[in-house]
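Each of the next two complexes has chain A plus one more chain, namely chain B in the first and chain C in the second.
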Partner chain A sequence: MAAATIGSYTEKKIANQISNLIKRISELEAYIKTPPCIVIYGVMDIPSEFATHDWKAHVTHILNLNNINPNWILSTVNPHANTNCPYFVNIQFISHCVKETVYNILSSYIATNEFEGVYITKDDM
Partner chain B sequence: MTDWYKLAENQKLLDDIDILEQDLQALQRRALSPPCITIRGFDKLQICSMIRPSAADLPFKDVIHKLFMMMKIPYFWIYSIEPSRGHAYHLPSTVNIYLITDSIRMAVYIALLQYLKKTDQKTVSVKLLT
Partner chain C sequence: MNPSEIEPSSEIGKNALQDSSRSPPTTIDTLKKLQARLHHLYQLLAKPQIIHLRGFEHLQLKNVSHDIRHRVDTLFFDANIPVNWKTNVKWTHPSATKIDVHITFMNYVVKEKVKEILLDYFEKYYNHIIYID
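== the complex of A and B ==
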């Protein structure tokens, strides 16, 4: 009887661990397949001479200011294609490690300058 | 007898789960960290022998810059460079080069192997860290 109880406890434990592993593998798979991306919200509230004219020049200027290698960037996307002053922009990078570095640089830039209403997010694991 | 068999089977499953757990953690680390190539014997590296007989006269980052130019590889493929042994600024014996993606790492690795073979540098070796 006791052996049966132990056996059933172990089987439950195994089932839980396997289902946990499957979940984490799916998460990792999704993370690897997702293009590495950060989103800057309130991007036009960051002061720059380009702010109201050309959003792409504005974003490029911010990246240049922070010495971010332009070759590390795959694309910058304004989800509101019809406006020159998007509230947020997506920046895609060539790899996750590059994205992490840029995220840290931009976070610290935004925090240091205390830009109001500006914040960034990234896809995270 | 059956119970013992079942217990042994369960234990094997638990051991397999442990191995899978370790593999998953390694994959997670790999997904998050830049892939690396190690150059051993970096202080013996000869580059551009017509211009400069030895890399010893240059800061090591300039040597890598020159090396990448020789191999016609874009320098922005490098994520970061760290001398892992030897504290002399000009002459670390081992250098880790972190690349921006896994596929780029393979391309750089093959280019380095070919370069070392072409220039017949037997004291320098490259290794992929996994």
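== the complex of A and C ==
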């Protein structure tokens, strides 16, 4: 009886470990296969000569101002394709290391200039 | 180390495999699937990410060089792909006139992005006579 209980306990523990492993592997697969990205909210509130009419030129201008290499960027996505003045933009990078570096640079830029209503987030594991 | 070669080090892992004769087949199947997925992850992370261009000899580039590397650079320039996204270029001649090019990239997401851009480019300008596998 005791042996059966221990066996059942071990089986449950193994099942639990396997379930955790499956979840973790799925997360890692998604992490590797999804382009690393940051999101800049209130991006159009950062002053620039392009801010009102061309979101892509505006974002490129902000990146240039911060000496961010354009080759580091996989793509810049406006999730609101029907507007030229999106509330937020999604910037995808060639690697997670690059994403972290750009995140630090832009966070510091936003904090230093105290742009109102502008903030930045990144995908994390 | 290749994850498929990793032996389970924890007591739970050892028991799971030692008791394989008593375990229901689904547990072993699950473990094998997990091992395969780990191996695939290892391939993605540790192995070079390569695309193969077939029909490279059909390219009609403005700047034609005898050096295949220069021609790949020109292709990247024309397709608006940063040349430093690739880490290596190799090529083979399956016949006297054919050239197959193998381009290595820094990681999976870059390879997928380049594939996407090149497929669009080939579709637009070459009507699929050059293709990627």
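Annotations
Throughout what follows, the second predicted complex is superposed on the first by the 117 of 125 C-alpha atoms of A that agree within 3 Å, B and C clash if a C-alpha of one lies under 4 Å from a C-alpha of the other, contacts with A are read in each partner's own complex, and residues count from 1 in each chain.
Heads up, the rule we're going with is that a contact is a pair of C-beta atoms (placed from the backbone, for glycine too) under 8 Å apart; a residue touches a chain by one contact, two chains touch by 3 or more.
Bear in mind that the values here come from a model prediction, so they are computed numbers and not experimental data.
Shared-chain residue A:Ile18: touches chain B and chain C both.
Once the two complexes are overlaid on the shared chain, A:Asn71 sits against chain B and chain C alike.
In the superposed model, A:Leu28 makes contact with both chain B and chain C. Judged by the touch definition given at the top, the superposed model places A:Pro36 against chain C, while chain B stays out of reach. Touch criterion met: A:Cys97 reaches chain B, while chain C stays clear of it. When the two structures are aligned on the shared chain, A:Ala81 is found in touch with neither chain B nor chain C.
Taken together, the two structures place residues 10, 13-14, 17-18, 21, 25, 28, 32, 71, 94-95 of chain A in contact with chain B in one case and with chain C in the other. Chain A contributes residues 3-4, 6-7, 10-11, 13-14, 17-18, 21, 24-25, 28, 31-32, 69, 71-72, 94-98, 100-101, 125 to its touches with chain B in the complex.
Residues 3, 6-7, 10, 13-14, 17, 20-21, 24, 27-28, 31-34, 74, 76, 79, 98, 100-101 of chain B touch chain A in their complex. On chain C, the positions that touch chain A within their shared complex are 12, 15-16, 27, 30-31, 34, 37-38, 40-41, 44-45, 82, 84-85, 106-110, 112-113. Chain contact summary for the complex, chain A toward chain C: residues 10, 13-15, 17-18, 21-22, 25, 28-29, 32-36, 70-71, 74-75, 92, 94-95.
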